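Below are two complexes that have chain A in common, paired first with chain B and then with chain C.
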Partner chain A sequence: MNTLAGLALRLGKMLLQAAAIVVLVFLLARVVPGDTVDVLATQGDLTDAQQQVMRHELGLDRSIGAQLLAWSSAALAGDFGESIRFRRPVAGMLATALPTTLRFAGMSFVVGLVIAFGLAVMAATSGSRRTTALIDAVNIWSIAFPTFCVGVLGILVFSVWLGWLPVLGSMVLPVLIVGIDSAGQIVKPLYEELREATAAAHVRTARAKGLHPLRVVVVHLLPTALPIALTLSGLVLAGLVAGTLTMEVLFGLPGMGSLLLNAIHGRDYPVIQATIVVIAVALVVINALTDILHRLIDPRVTA
Partner chain B sequence: MTAAPLLVVRDLSVLAPHGALVRDVAFEVAHGRTLALVGESGSGKSLTALATMGLLPPGLEVGPGTRATFEGAPLALGDEPAMRALRGRRIAMVFQDPMSCLNPFLRIGAQIAEALQRAGLRGATARRQRTLALLGEVELADPAYARRYPHELSGGQQQRVMIAMALAGSPDLLVADEPTSALDTSVQAEVTRLLLRLQDSRGMAMLFITHDLALARTLADEIAVMRTGEIVEAGPAARVLSAPRLAYTERLVSARRILLSAPATERPGSDEPVLAVEGLAVDYPGKGLFGKPLRALAGASFTLARGRTLGLLGESGSGKSTLAAAIVGLRRPAEGRIRLPGCTLTAERPTIPQALRRRCQLVFQNPAGALNPRLTIERLAGEPMRLAGMSRAESRDRVADAIAAVGLDPALLGRYPHQISGGQRQRVCIARALLCEPDLLVCDEAVSALDATVQVQILMLLRRLQQERGFAMLFVGHDPDVVGWIADEVLVMHRGRIVDRCAARDLGADDRHEHTRCLLAARPDRLAA
Partner chain C sequence: MSLALTSATRLDRRSDRPPVTVVVAGLLVAAIVVVAAVAPAIAPYDPLDQDLLALNQAPSAAHWLGTDHIGRDVLSRLLVGTRTTLLIGVGGAAIASLIGGGIGLVALALGRVADTLVFGAVDLVRALPPILLALLLVVALGAGVGSVAIALGLSFAPFFAYVARAAYRREMAQDYVVAARTFGGGPLHVLGLHVLPNLAGALITQAAIVLPRCIVTESVLSFLGLGSSPDAPTWGRMVADSSRYIEIAPHAILAPVIAIVVLTASLSLIGDDLRHRLDPLRHARGAAGPEPQP
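Moving on, here comes the complex of A and B:
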């Protein structure tokens, strides 16, 4: 009962956060001087009267509150308006871009977690110097080299010089680069946590029971580090949402990043607005999911 | 009766990178008999136990000259696969702090079933039945216990679960490392009785590690006394305890005896009250969003005069620490008032004004946690001086005086807390409190974390300092001997209420409250009876 109440509370908080983001994004787009019609007017010749008509058609002459209400009720129904540049429904554009980004981010996430957990568990249980050195290397790599720099170099080496991969459209290189980068962000704290957990009294109890070392790691050691691991994974996932955007542009993947960049170039406000809202809401949902999973995993967290 | 030796250990040494922590330890445990390893903390008795299990912490290893046999067969204590084959089947272990020794993420039943599976019991149903049987054997008969998580059990219940888990493989030898030290006195008694009964019914041998000689007397057939990594004296329990050969053993044995022969000298107390508590109640916030607040303390009223000591006696959860915390302004009273020199604490004004805080000082249970590990002893003890705006030179002199007054060598002033012993750390905490020249010293379980010999030293120190300086003292504790020895008057607490109050010398009287008698009956030296 208590768990359910806590769950409901967390979901309520998530909805509030999402609503706040929608309002904020909407207002930001309106704070920028000049609206869509001004942008179009600079490109073609539009008389004042024509501009007025367009504003009326687009609903830009109404109050901000009314616009917000109209936009969000339509968005809830899956209607994000029409792209000004392409004269196509934004929802459809999102629907074609989203799967690419999800695939890219998901694969990078898995690669990152496998690398991070693999190295951390190996180092914590064996105490091998070589593995801890590798952990440091991956960690420094992710701090020192931004993904887009590594991306450019990667294209140069693997696509231009060696010719192993196509320059555009292949996911192999970006997934590896973003995956290693994500692993580097979490592997160090994960390792510290696991190393501490190996000295935990209940892990010693598990060994005193004569359990197989593998069982000690999987059943008794890993769950101890799980709350931290979960929090870290949440952070990585959040970081991925931003990280994949630049890489999509660099590697020519037709995802949300490319969509957003093109929209920004063309001042395509409905598209910008919708993309940012989708990304932000995804972040809020990830955050809430991490919290909820944390509750489910650790029986001591009740409220 | 001479039983065949089950475990024989010869020339055991435990090596750390900088030297040996245990040297040339030799002992044997016979079938069905109990060997108690006793000694002060740091004497190497726990390391000896862990080495016997092959569970030494990383960085430590068993020395090359070590020899051991188990049931006559050679046993390589440093060989992990060989030791793992024995653990959980032939040898099992129970540790000190049961809360942290159980996996917080798994239900009790799953943790015991896992040990059964390891012991070779096939089939989930069989394991479930056996789990319930084991829980019944440790007196947790209700099947509901199997579905609980460790944090839903009390400390005593957790330790019973640990014992059930150790019994899963029907071991020949149970290694018990201070299994009752973290428990309340009465729970300690229950767990000790349980261990005795189980050992008897199963014919198990036991290697029992303790710093409590009274407990060793109750449990052990043989006793080996350890000091700085070596066994200095060994023999039949009765002989070692009644006629110790070494002064060190004598000190261990007599530590409790001093407390039992309390010199109930009347001390020159005055009538001037330093502390008056009137109808005090304290609430803890309830669980969840709409939970009702939990009343941890209700209807507490008493006074404490200058130069006198009031003892607060009770088990964990009885509200005694809550009461102490409210008195020094760390907990908001829900009802009632606390009168201190210069101020009165109520629900509306629950904290002591900054300027008056020095007059009310607190000494905690765990001195390691009460001292900042990154400051030297001099800085730590001198903190109150610096707050009072005293010059460095003056502060240094005062600190040196206070350090000498608590019986510490001034050479320790430049050290850090981890470089001194637990008893020395508690002396630093007391020196720090005294430098504030308090009217009231509140000691919350101030000696519970210390060895019996050190306990007595600290208690004597507190008593001497009180006679010299005349502060009033509120002494919180769970050990009737300790509280009865230091206090003039004792309040007995139970479930948030003061259930009994009497002069300390009358604590053992027959007409006391039922709960008081209960606490006194659970003392380790009364268990044998």
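Moving on, here comes the complex of A and C:
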């Protein structure tokens, strides 16, 4: 298959996935017994007639298909409706929360990649036992210790017992926790790939020529590992969702996770719907982009 | 478990003994299962009973693990919570393997059109990370042990569909399957009688890998206030309840956190060991490969 058709196909899949997410989230939010007006009616006295008027104004008396279309087309234009609880545009709330989450997820992502690459390169080039043991340790750590448990323990140790305040509102601890967790998920396959790459003839030649070790790593080793690094980065991103969600709540960071949780507790369906759609669609787009990049870097990839 | 071990000896010629860590993990899990079975009988107090004269008490002779912010006995909640936590985790993994494996296999057996349709749909659902899908499903289904288990089951089902597909394609190429089809065996006959028994290993391995993730996801959901109802305490819920009192009653949060870590770490070790023993595809990084953990 030629490159262009492959790209078009991948983009088409991305759009389908995004549409499926919108439909799924929309339908699931409608399964919940009671609609927006019912929620409002429990908060203040509303007569049946008033409820009817509100339903009509909010478009809740139309068919689900019509509501879905109306919501999707408005969302495409950046309008996610109004929060039930705060009577504010949801888009504005998302815009306030998004930078915190992007910063948090971005920093955790970078920390994770730096740790994973650092360890994998060190172990692959030096072959030291201690570094491979460290790789195993980080890997087991990320499998065995759920991030939110580590978060609780971290608060306990650093804030309560050692008194190194302030832990709440600070990103240092949660970024480290999620970063190490992400590193643990990818460091092993990355190391295995790099170890194979160091055995390749061109790397041996480069070494034998007496090139500077750093040059060997950067020019000859890392390019080989780029495709797998991309694939693994996609995995890390999906894993970041859970980490970000719980860490924001645990450490009181005002991002998308906190927004979503508050919305769930307040049964603020427009906000729940918009938050999940935005997170999920962002992931779908990022995954498509990594796939396309992968395809461009590594011409062997066709699927 | 016994099925897994018999096929292990068959598939794995090395048939080496499990490492000490895995044996210890197995003993810990066994102990936790026993606790879950007898919890109400050995719990010193009613896990829901509040003693308002004994709030946030440190561990003592009367309350071995202390009390929480509304005077409930932490040890009793931990013991009784073991049952709910395990029930939801195992239930979720079981539902996921039945739905994912079942739908995947039937679609595969029915031919190319069903295969394309079903796996197309699975691919689309897969775009949502399990934690988000589970969260959404719990919001839609309402709180409760059953709905959380169903939510987890549906969220993790795609992994089983992929594993089933990989194993199915491998088996269908085998001579014995080709022979059975040559002699006129229908798709469902071949699937049920010939292929399924050989897929069991792959599905059991996947279940062992997904189980700790179900337990972690349940505790994350509970921690976010979306888990079971208040009268069925789980470990995650205990963490959530006590998180605001971490400074005055660290014991109330430490106990469930340690319990979660011990259980998930043990299960992960066992699952990892099983995968190395059972999965002949272990070198192919397929659907069972590295997958982010909540």
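We adopt the following convention: the second predicted complex is superposed on the first by the 278 of 303 C-alpha atoms of A that agree within 3 Å, B and C clash if a C-alpha of one lies under 4 Å from a C-alpha of the other, contacts with A are read in each partner's own complex, and residues count from 1 in each chain.
The working rule: a residue touches a chain if its C-beta (ideal position, glycine included) is under 8 Å from a C-beta of that chain, and two chains touch if they have at least 3 such contacts.
For clarity, every value in this text was computed on a predicted model and none was experimentally measured.
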Based on the superposed arrangement, let me know which partner A:Val31 touches: chain B (first), chain C (second), both, or neither?
second
Which partner reaches more residues of chain A, chain B or chain C?
C
Partner chain(s) touched by A:Ala201 [first = chain B, second = chain C, both, neither]
first
Based on the superposed arrangement, let me know which partner A:Leu250 touches: chain B (first), chain C (second), both, or neither?
second
Would you check which partner chain A:Gly127 touches, where first means chain B only, second means chain C only, and both and neither mean what they say?
first
Tell me the contact category for A:Ala144 with respect to chain B and chain C: first, second, both or neither.
second
After superposition on the shared chain, which partner residues are touched by A:His220: those of chain B (first), chain C (second), both, or neither?
first
First (chain B), second (chain C), both or neither: which does A:Gly239 touch?
second
Which chain A residues contact chain B in one complex and chain C in the other?
none
In the complex, chain A touches chain C at residues 13, 16-18, 20-21, 24-25, 28-29, 31-33, 142-149, 152-153, 155-156, 159-160, 181-182, 185-186, 188-189, 232, 235-236, 238-243, 245-246, 249-250, 260-261, 264-265, 272, 276, 279-280, 283-284, 287
How about chain A: which of its residues touch chain B in the complex?
2, 5-6, 9, 127, 198-202, 204-212, 215, 219-220, 223-224, 226, 297-300, 302-303
Which chain B residues qualify as touching chain A in the complex?
53, 55, 57-58, 84-89, 92-93, 95, 97, 100-106, 114-115, 118, 149, 151, 162, 165, 168-169, 287-289
Considering the complex alone, what residue numbers of chain C touch chain A?
123-125, 127-129, 131-132, 135-137, 139-142, 212, 216-217, 219-220, 223-226, 239, 243, 246-247, 250, 253-254, 257, 260-261, 264-265, 268-269, 272, 285, 289-294
